[in-house]
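Some structures are shown below for you to check.
What follows is a pair of complexes built around chain A, which joins chain B in one and chain C in the other.
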Partner chain A sequence: MNEAFFDKKDYKPLDRVDGRLKVTGAAKYSAEYALPNMAYAVLIGSRIAKGTIKSIDSKAAERAPDVLAVISYVNAIKVPGYQPKGKHPSEPSTQGQPLRVFFDNKIVSNDQPIVAVVATSFEKARHAATLVKIQYNKEQHMTDLEANAAKAVLPASGKKNPKSPTADYDRGEKNAFESAPVKFEAEYVLPTEVHNPMELQSITAHWEADDKLTVYDKVQGTKMTQKNFAKEWNLPEENVKCIATFVGGAFGNGLHNWPHETAAIIAAKQVKRPVKLVLTREQMFTMVGYRPRTWQKIQVGATKDGKLVAINHHSVGQTSSYEEFTESTLQQTRMMYASPNVSTRYRILPLNLATPIWMRGPGEATGAFALESAMDEVAHEIGMDPIDFRLANYTESDPDKNMPWSTKYMRECYEEGKKRIGWENRKLKPGSLRDGEWLVGYGMGTGTFGANRNAATVHAELDSDGNLVMHCAITDIGPGTGTAMVQIASNTTGLPTEKITFHLGNSTFPNAGLQGGSSTVNSVGPAVLAACNALKEQLITMAAGKGNAAFTSAKPDDLMFDKTEIQLGGKSAKLTLGDLLKQNNIDKIETTNESKPDENRNKYSMNAFSMHFAMVHVHPFTGQVRVKKIVCCADAGTIVSPKTAASQMIGGATGGIGMALTEDAMMDHRFGRYITKDLADYHVPVHADVPEIDVYFVNKPDLLADPVGSKGLGEIAIIGVAPAIANAVFNATGKRIRELPITPDKLI
Partner chain B sequence: MIQFQYERVTTAKAAISGLANNSNARFIAGGTNLVDLMKRNVTAPTKLVDINMVPLKDIQQQNGKTSIGALALNSAVADNKLIIEKHPLLSQALNAGASAQIRNMATVGGNMMQRTRCPYFYDTALPCNKREPGSGCGALQGLNRMHAIFGTSDKCIAVHPSDMCIALVALDASVVVAGPKGERRIPFEEFHRLPGNQPEKDNTLQNNEMIISVEIPDNAFNKNAHYMKVRDRASYAFALVSVAAALHMDGKVIKEARLAMGGVAHKPWRLKEAEQALAGKPATEETFRQAAKIAMQGAKAFKYNAFKLKLGPNVIVEALKNAAGLV
Partner chain C sequence: MDKSKSKYEPEREGSESRRDFLKKSSILTAIAVAPVAVAKAAEHNLGEKISAAFETTPVNVTVNGVKKQLNVEPRSTLLDTLREQLDLTGTKKGCDYGQCGACTVHVNGQRVLSCLSLAVMHEGQEVTTIEGLAKGEELHPMQQAFIKHDGFQCGYCTPGQIMSAVACINEGHASNEADIREFMSGNICRCGAYPNIVKAIQEVKNGGQKS
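Then we have the complex of A and B:
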């Protein structure tokens, strides 16, 4: 694939191939499969944060109209994969063991699912759930991160392996900070945030036979789900099918299989009917993960002319008492700047909470809030423009891995971003600019995320009319995966996009990993490319075999379609697809191709980079912040699908506004219960909070990372947005808010 | 959801008798709050009397007052020409509340009857004297960032959530209610009550009474009126502090002022002493700052809402500046 591949003059951004299905309601989500004889389950969550269940009185509920079962640890069928010694067979998010729902009477977090009420309708199940009386033996719980931070531990992964990303890390001199001419130190707090995709987590579980399970499930990996439930129910993998054709957003909370999924599968087995289970919005706060509240301390040492001497970065994040959730909070600190001395310490604190899960821009977004705020603070202290300060510490290779970058085009982002936001209007001295009563400020923050790539396989079929149909198990949680794959196939073959279909979201399709960690286009894209090239090779062989001399030495790159006409090197070879297949007595050709990471991964550091610029207004007397403009710049390699890619950046920036200004899952630690747990109290940005968002892509391929040249986009869209806004607020007001969100009370 | 009876009525009389002999019967109109409360098991009426068909949607001007039917939609009132012209403060307040979708469902009477948004009230696993008298106040020692600074009791520190009502109390509105014994008028300021020892009671409606309309006396506050609401996001959030400010100007001098606050008390909080301090004074920032100081007398903060002691007077000053055209 050459550099100009997606840069052709006639290249038209494609609208979402499934857009019409989505906006007309024709797209079917996991709660929309109406199976014959279906039952409905409602979950009851614990009302204490720690202890045991003393008793469950379910008599009234069982007698309620059309109730089929009231299921708890008392009467739940034994899940064959549950191990007696505290083991759950499915993959933990990192170390530890996922919660075994309905296994015993132990309560380890508030709203832990402890009873499922199953009835012939949702309303009847919900009514019966109000009739179940549960008594508890309460024990002292621990949910407060800051109050217990001293009890935080090094994760097992870091203990076992000093090279693990969670292990203690020291580069250069450990004490270099102490002797730096300029010393800066601060603490930052990011509150618990909840993914809250629009679609509620839901599953329809159907035992098609005693040993054959189909789940219509809101997940980010159909293969992961298939494997996990095969293990949990002791079934051959081929007997478990996971269907997730459409997913209404996830932001990471579908990267784990959760207790409610097992609860629905147990219920379906127990009532011998398909069971649908949809979480409530409140349960979305407690049953399907969250971004862990994280306390960070950062020390930055520099010279007076703006050269970094040392960075020490320490973080403590929440985890549950049963799984060690970890994320890459400190990665960016190790590799973003040319600091000779860097130390990082990563700790987690097990609390009486459910397990967190990666939320968009996982640890990096959390870490970037501290690092990119601190960079701004140091620049201010030494009187330097924060961009000049960053450029003075720009690094041309990865100082952590000691490897060259595969590609890095951040200088282009600095230049373009400055221009588009109007950086020349920014004043070094905070509080210098006004628009009427409102204070005006400019800020920026950078982000990075690994250009991850997994093995992926695509099956492709081409018929004599030029219809190309592909299949892959990957899910699409919203970025427009089908759209991007259709564009790759169209660009590779010359077939028009409307003749190409990409089927996804089904575990019976060829293998792919999770849709997470910005890896989909980088992983599945190359498999699409490989499959298209394999089809072309078959055609070349066939054509040559039938005496078309021009094809004897042709390569896949030489062949392109013009509708159903096969062309070689741009010249018509006067061969139509239909004729060629007919000559060979077949009506279609097909291929299955795997593409996987190569040895370049051991030679280069591969990362996507982003840079976000914000212009804000702050009202000095009421403390209200209005983001007036955001510019997002991304070095994400090839931009395969310009329209959906820009939408992804806009969505990420919007999430970043939420991080910076509004989102906060507040917990009353006396009860260990969230008090902001619906969309009225847990504030995500509304339209009025979201300004014009201008997106710039460097759009230069990284062909060392993968044959498509893509580096991934989902995470960098949000990483660095929150500090950009916090830095702009400082530039407007001179007030540095180090605990997010920046609500009006913190600015008056 | 617990099973309940549902009755649809077409006259106020039928509505009122629909409540008779059942203290657990409730009216339902837009349902934008009641349905939430039922879903969360905060309230479980055994009977709902649907009053949407009762003809109480009119907005009319007669005998020196504007009368707004109890079932007029929030969006219809906010967009009504008469209201925009004669009582712009009310229109602004309505548009500052909820979302467009909710305003299209919610009625004037329902807006007045909505319950507090205190999170302890909404979670049946947490203590709340308003939901379950005697269970304690979760907010008193809890996360009380959104809570009251005026008129609190040790039983309840919840705030009244409406924006519309802040404008109505400032405009000296009265509430026309009808019951088995006939009609009566309640001054708006006396409609909602402070928590005292009975936080479960939000207002002074008697058993089986129904709100018929709200009346706003003609006034000279339509030239200089401003509703300012400060909240955690730009739209669709409850007020941290809101202020309804209206001035009757005589040149540069304030002839008469009206001032009320939201987000600070268990009822719409009228600031009469501050109004008196404004009367006869020039409309300057200094005058407004003085009035704001008076307005905040007697305010008492809790652990997480001390910021309201500072935000409150700032919003009063800003609202007055806007009303006076100084911004």
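Then we have the complex of A and C:
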């Protein structure tokens, strides 16, 4: 990559390229495509958590005005991809859709979709759905994680592959904790959390022909969706199109295809009309995944002067009865600190719940709550500043993979974060700082996430007026993917950003993986770079071929545009783009380029790091916690788009406030049903909960990770925030809350 | 790119435009209520289906400055009417229970949650949605400020935030940061753009909002 990219720190941060569409209401999300003859589907969920459907009386609903169909396992068309017999949950019976909706009368979780009512309007479908009478044979369900934790199992991935992050792991001596001079042990619980993006999960399914399906779908991967539905409906991939131009947030719940999507596709096939299906907010809690409730036990052994001796970390998370869901809860424990002895045990417990799905900072955010709280607790026990304690156990290489870091700039984060939060005001003794009647506390927590990279392909074309248009199937669920890609292309070519367009969110565009795991800029960015360089090479070849001697030995990095003027090595030679294309009798040039991970991945451990600092006020009588300030420091490699990157960090910190203080999907185990199932009862942070959030980026490239030098930041934005707040609450009050969220009742 | 067609087509919305489709459906409605059709339907025990045709109520509303004569079911919310009947999808459905603010519009200049409001309640009233905020190509200062301060990520709560923000200033609830945070707390942003939204509102407030 052109080094100028990194040096050019004075460039004006780009406003979001799709900003105008979003502020005018012109951006179209998946339920906003008006198709002729549209029908509307409403889903009915089961009222029991386990058992079978005894009967479905749909007569009244079918007679209701303009009802087109009432679809259930009784009358649903056969989905060709459904396997008649369910296999082991680790081998889903149909790709991306292990819960075969409308397949049989089995109920495996409460609010499992069992009937779709389709009518000519939403109101009619919704009314008719109230007329359907369903009877059940109820069986004893199991939804309580802690009560059944002993039944948890090692997931198949950990059984099969001893190197899997879910496998049992022992570094050094297994019993080292027992003989450590300082021994600390505690249990931590993270409740079920729900992604709850503001856009309700929606799909508009349209069979354009008997064997041609188009879905306007709220997903994080258009290619994933295309592949899954092609397989499910036994169609060639090119006959399935997925459009997700705008996605109204997802935070992970679009990384999976869900039963409601298949339900809409079945309905569209059955009524022979396009069908729009929008989940209700309650259904967002039960049909599209969640961050699984997780119980953790951690043991930390240390010397009295603050050297770690051992960490043992055990975690039990939820999964469904039909699919093995796993996440990297224990990864940070293995590699963050220089402990010679580390053991981790990861278990999952199948319950009568729907399958969880990765939620922002998946696993790592859960694990970091336990690890970073425990680090704070041990520091307190030995009377050390928690930052000094961490620095005393700083890792200069990855102790888990036994590899050097590609880059790690955590020390900069510690220093800058301390300064910005005002760490010098923090008292070592909890409960000793006040502001009026409020107790004041400071806390911090660290986070890490793999600098993931996947193969990605970008098509680019450049016309004689200097318009650069690119296409890629990647989605943008909010981080500003198009903006970052336009910025990369502009920095690489010199073309002004307003002349560059990046089209995304469509499975007919060139391949890209999922927008998940903080991998987008690391994966698609290099493909943009490759495409821009390929265009430059074409121009160099064309110019040299037309007798421009200066171009014969030129390299792509030598060539930059000044509007439509092609300049070589700082204006030593120049040409007009239009003239060059004209001389070659073409009106544009184009290229398709793939970029994929290289062998450096086998030599280096590549990770993004974050450090979050929180200052809180706690009211001693009411237990109210107010987060007064947050500082987020990130070592995420190159920051391509400073404005949108900062927003991502602010957003992650906001999610962390919810995790720490308010979010809790509470289950009534008598019924296996959530009792907090809308935004009035499940509290996500609102304006009044969120203070100033100060963001600092180290902004040093990691060119071993990828040619853009980016390490990703969507996940590290939230990982470590909740423990930072919990630690600040302890510092303010001396009360250690080990079960989130930290609600006032736990403090008084 | 005008001069040469890209190999990738932008997504289309099917072969018919929404407008044509709406026109046709009102013709279909007219046919449905014609006596012949009623008689025929009755033979097929389709009484309930026909009654549906009579279940709509006329309502006159001015939407974004344009007078509309609508026929809506009494149970249709203003939100669903805007989105499904008028194809004004800028107003968003985030919860349908008045808990998130994504559906905020102005009715006679006041902010209203369109999901908690039935369309038939707005006879003779003026509704402004996000689509009606800009003056042609010229964005409302609040829209400009949201872009400048990056007051959004996914963009889904954004129309509601902007409509609320404009009203928040007009109500006199934007004189300081704490007030803004309090009086904007009915508009949830899960991406967490709150601090940037507050900055945008402050800038517009200090710059003198033209409503």
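In this text, the second predicted complex is superposed on the first by the 728 of 748 C-alpha atoms of A that agree within 3 Å, B and C clash if a C-alpha of one lies under 4 Å from a C-alpha of the other, contacts with A are read in each partner's own complex, and residues count from 1 in each chain.
By our rule, contacts are C-beta pairs under 8 Å (C-beta built on N, C-alpha and C of every residue); 3 or more make two chains touch, one makes a residue touch a chain.
Note that this is a predicted model, so its numbers are computed, not measured.
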Combined model on chain A where chain B meets chain C, clash or fit: fit
Which of chain B and chain C A:I243 touches, first, second, both or neither: second
First (chain B), second (chain C), both or neither touched by A:A549: neither
Partner chain in contact with A:A209 - chain B first, chain C second, else both or neither: neither
Partner chain(s) touched by A:A688 [first = chain B, second = chain C, both, neither]: both
Which of chain B and chain C A:R670 touches, first, second, both or neither: first
Winner by number of chain A residues touched, once chain B and chain C are compared: C
Contacts of A:E123 with chain B and chain C, given as first, second, both or neither: both
Three-chain overlay, vertex chain A: chain B-chain C angle, C-alpha, nearest 10 degrees: 50
Touched partner set for A:A150, first chain B, second chain C, both or neither: neither
Touching partner for A:A26 - first (chain B), second (chain C), both, neither: second
First, second, both or neither for A:A680, with chain B first and chain C second: both
Shortest CA-CA distance between chain B and chain C [superposed frame, angstrom]: 5
Residues of chain A that lie at the interface with chain B and also at the interface with chain C: 123, 127, 680, 685-688
Residues of chain A defined as touching chain C within the complex: 15-16, 18-29, 31-37, 63-66, 121-124, 127, 195-200, 206, 216, 243, 245-251, 274, 278, 280-281, 459, 461, 463-464, 467, 469, 471, 477-480, 503, 506, 508-509, 587-588, 590, 643-644, 646-648, 650-655, 678-680, 684-688, 690-693
Sites on chain B touched by chain A in the complex: 1-3, 41, 99, 117, 119-120, 123, 125-126, 138, 141-143, 145, 228, 230-238, 240, 307, 310-311, 314-315, 317-318, 327
Sites on chain C touched by chain A in the complex: 1, 3-4, 6-11, 13-16, 18, 20-21, 48-49, 51-52, 55, 73, 75-76, 80, 83-84, 87-97, 99-100, 102, 129-131, 133-134, 139, 143, 146-148, 150, 152-159, 162, 180-182, 184-198
Contact footprint of chain B on chain A as seen in their complex: 47, 123, 126-127, 130, 436-437, 619, 621-624, 626, 661-662, 666, 668, 670-671, 673, 675-677, 680-681, 683, 685-689, 741, 743-745, 748
